[in-house]
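Following this line, the structures themselves.
In the two complexes below, chain A is the common chain; its partner is chain B in one and chain C in the other.
For the complex of A and B:
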């Protein structure tokens, strides 16, 4: 097999150097066959992703044009009415706002705490540091639903001790229904969310810290740099690359919040903690913040999912552009 | 990487995996076959689905009796999660693994289930003489009968859905007693307010006047509005759900035009501001609230007869109940019997392989004897009036509940007047009356009148759309079918007609 197509002749080399031997290019089938085992190993996961991620995305796009309660086949074509309804639904926009509040409060606070803890736990002279690392990582391996149930029991169903916690201290005027008060419910959900997934970012930061060569700190100390200078001039710059990944992952995780909210508050009281994923769930499977009688509407839920997906794509693009611009600016200032 | 170092070669591993996967698949298929066999009734086995948990002893007893009376027929009961029951039935039909007999899910509506071919017509066995054992009006088009065919039968009778439960011990401690020492049960809004005030004040904040458990998002706050607003003269009440809560005198939702709604919601906010409500009520689970009431953490709660079996089980019977607390001495509207809403209890799947045995099981479940046991087990009232006789009911609170059937009047039922309305299936608003009451309670809804008006308009629009859809299908349906201008809510509708 040669590269030249039939009828075409290769120009003679003016230097008269001998033509290289024709490169043997293999066909697609042969290359697939050569990497057969790799494809075999990848196939199960690829099938699962196609079946449970890719297919539902495209299938749900079709459902957005129907009013359908999920029973039988969709037949009531409504065109773009579902999109119009979602876009004019104040509860949807409230859910978007709550989701963004959740993400934009949780991520910075959690990353700050995780970085501080990582610095402490990375100290080789700290005794029992493995124990502390385990303690901070345990919530991560606990199901969010379980965490939610336990917290719900503690805050609401074990009597009024939790609500009266600060009543005698003067911090609050009276008893607080932490999960039933619209002023506190979302804050409680965020606080629990910070605690629950803190361990992930802690581990990421610790991994990042361990990649920083110790020689840098030794040289800085010889030059007279103190701990604060070392942190801002060595640690933070060296963590920048891993930090970007951590920020992106933390935002992705935050925008997927569902089970914690569903178990703790169900989106209530009166939609005060409704996030987009619980909103979609309630549309698709019925139920809601205060009434269990809402009928499922898969079409409406699909439209809400589609719109939320678009919003996230826009946000992700903005995030990437912002990070890229920040990187360029820093690179420019470093020159 | 050297795979040969491992005693398990790649080929061996894959072969083993394939074998294991095959075995699992075969096992799954076999177990699916087993499940299907029992599900659709292999031999004379009947699969039966319900969502009854606290009523399970009654169901189990009926199964035992039925199996003794029908040798060779067994009933395999599966109790599903009530919140997901409708989804599970729909999925069962989609996957072809339907039970032979099942409690009729509330969604989709019975008419739609019939349209979809889910249910088996029972006319072959449900003869006129069989139907005659039920009260008149049980088998009418739109209620158990669709297209002239019988598809289901009732078990439960109508009684006031909600009651105000009163903890006698808390009332006594607060001094709320009559001269003869009995508990002074409040029947008017003022008396309820005064009782709550006395309980909260005299206990020094340790006990509250009211409490409830809305943590499970069951729309429970609408129960309070529904219970209190009827006595004030709003016959539609405040039930959650699509197409419910109409004031049938005008065929509209009167949330905004009938001041009873705003009046009660204002009163409720005042109660909250005065600290009468147990403060964690919004996030407390319904089960926990029941336990807290039992322990006397609050003196009054709103609920239904389903509370009673658990309290009885815990030997807690020192409570009273009243219904329809009103602004004045007598209620201006009541609860109304709804043969369509409460009529259908169980039905037979169209896919059953044992239709006769399946009908026999429906027959047994809805028999007068089973109804009597339903009442005696404190589950509720029976569709047969004779079953609800006070004799034989040991529990005083339950006897009080049964006596309340007198406060359930016969009301107008649009689908009886126009059977074509059976196909009307309006959507429910995303935010229904239960959400609105919660929003008012928490203070999130500031403009109450506007919120009430908006919800009434939305529900009316949804009903109007559903009616138009039925009319478009060639049936006679109009919004005027929901208007009964001659109805006096203080009198039984049929009596008024007579």
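For the complex of A and C:
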């Protein structure tokens, strides 16, 4: 077969070669034909990604100009009215705010706990360290939806227990409804979110810590540096590269929160925990807290998700730039 | 630093104590759910936050399995997760192999494209996906779930396989070619069997993600309760039987236990996959 050694073939060079054009074209065609099985092996992945990841990003743009309940084909063209409506919807901006509060509380707290735990568990003299790692990691592999249900049940029991405790002191009424009170609901959702995905960051940090050569610590110890000094002068700077990835991943994950909120509160009470993804879901598929009879409006939902996507891209770009600058400055000062 | 052996042992002991207490607290919700699934209804309210019960009610499980339809949800979830694992592993292994070990026009463009999708925010494109599935006449089928779920894991799996295949010695491939093996034989007989650890990693990732997936099955089986998976089934069961708390606990144990067991058995591959992904 002609494709017997594709790895040895010269790399394709689409520009800059002084060959005459016709020869190049037949050369390209021959190369394409010779690599036929490569394309065939690539096809299942490429088709799935193009159809279900890339195409939807562009297709959702088209819906934004229509008022459409999702059944049949969109026909009621409304121009930019959907964008205008979303931008003037206080619930949308509330949802954006809640999502950002969720992310900006969850990420620092979770990373701090995970880093401390990773430092403890990274000590090779600690026995059962792999067992403890497993214990703190397990929530990650459990479904957010089911965890939400269990937590909901537990909290209503806990509300009773805590309520009777407080009743003795005469501070409050008999029952604390943690998820039903607009003042506490978001905090409870955030706490559960921290618990649920902490394990990822624990494993990331442990992996990062293992890349730091032990000689660095030995040299520092000989020079008389204590554990605190070692942490700030060796551990933190050496974790910088992995740390940037961890922060970016943690934010990406937090901005996409849906399962936990949908199951715990459905965005309620009174939209107090409505995040952007539950807002979009309620627009597109109906339902939602306090507004059960609302007609699904896919156009409006698409406009909201497009605006949110734009917001996230802006945020990601700013984040990468900021972290890169931070990384460069620290690298400079460490030298 | 300059502490005596007694002080050091004491400190070490305190550390173990703190880690154990924290671990118990960390796992408490699961212990409580297992306890709740074995309580009688009266017991459930009487014992509150105490996970232990003196009279375990094993019948809660059979009741959840049959009357609560968790048996059906379980079967659906097994089919859904199984299909997703097979599709994801095959498609990403093949794509990872050709991207790592063969050269063809357009290779760079493919790499750029899948690299770009890593940075695009996902999840807000569910509406066109829904529309596409509807037009393919796959709405309300398990196939829709399998295809959409697999698509979401394609890029990650492809990158993992690509990294793995690029580390395998080229001499093996060339020796096989000299012996007359063709493109397919090299991949299926040599490269794929050599990628065992990565197969396990990608399979485990896609299995856990599918098992726990909520949004995709929720959207695509909204009007077909008989196709619900365990996660969606839990959600609707709670909506319809908000007072059958012991059964809800039994249902959550049925959902959580299998995937935790799979994870405990294969966690090495899961953790290695995560650690490798973040270091690159």
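Things worth noting here:
Note that in this section the second predicted complex is superposed on the first by the 269 of 335 C-alpha atoms of A that agree within 3 Å, B and C clash if a C-alpha of one lies under 4 Å from a C-alpha of the other, contacts with A are read in each partner's own complex, and residues count from 1 in each chain.
Everything that follows uses one rule, which is that a residue touches a chain if its C-beta (ideal position, glycine included) is under 8 Å from a C-beta of that chain, and two chains touch if they have at least 3 such contacts.
These numbers come from a predicted model, not from an experiment.
The wider contact with chain A, measured as residues touched, comes from C rather than the other of chain B and chain C.
Applying the stated contact rule after C-alpha superposition, one finds that A:269 touches chain B and leaves chain C untouched.
In the superposition on chain A, contact of A:147 is made with chain C only, not with chain B. When the two complexes are overlaid on their common chain A, residue A:124 makes contact with neither chain B nor chain C.
Looking at the shared chain after the overlay, A:204 reaches chain C, while chain B stays out of its contact range.
Legend: residue contacts after superposition of the two complexes on their common chain; A:309 is shown touching chain C, with no touch to chain B. Once the two complexes are overlaid on the shared chain, A:48 sits against chain C while remaining clear of chain B.
Of the two partner chains placed by superposition, only chain B is touched by A:89; chain C is not. According to the touch criterion, the shared surface of chain A, contacted by chain B in one complex and chain C in the other, consists of residues 37, 70, 152, 157, 160, 285.
Chain contact summary for the complex, chain A toward chain C: residues 1, 3-7, 9, 11-12, 14, 28, 31-32, 35, 37-39, 41-42, 44-46, 48-49, 51-57, 59-60, 63, 70, 120, 126-128, 132-139, 141-147, 149-154, 157-158, 160-161, 195, 200, 203-204, 206-208, 211, 226, 242, 245-246, 249, 252, 255-256, 258-259, 262-263, 277, 280, 284-285, 298, 301-302, 305-306, 308-309, 312-313, 316.
Chain C makes touch with chain A in their complex at residues 1, 15-16, 19, 22-23, 26-27, 29-30, 32-33, 36, 48-49, 87, 90-92, 94-95, 97-99, 101-105, 107, 110, 113-114, 117, 119-132, 147-148, 150-152, 154-155, 158, 170, 173-174, 177, 182-184, 187, 208, 211-215, 219, 222, 230-232, 234-235, 238, 245, 248-249, 252, 255-256, 259-260, 263-264, 267, 270-271, 274-276, 278-279.
For chain B in complex with chain A, the touching residues are 10, 14, 83, 86-87, 90, 93-94, 107-108, 116, 214-219, 221-222, 240-242, 278-285, 288, 427-435, 437-439, 441-445. Looking at the complex, you find that chain A touches chain B at residues 37, 40, 69-72, 89, 91, 152, 155-157, 160, 163, 174-182, 265-272, 282-283, 285-297.
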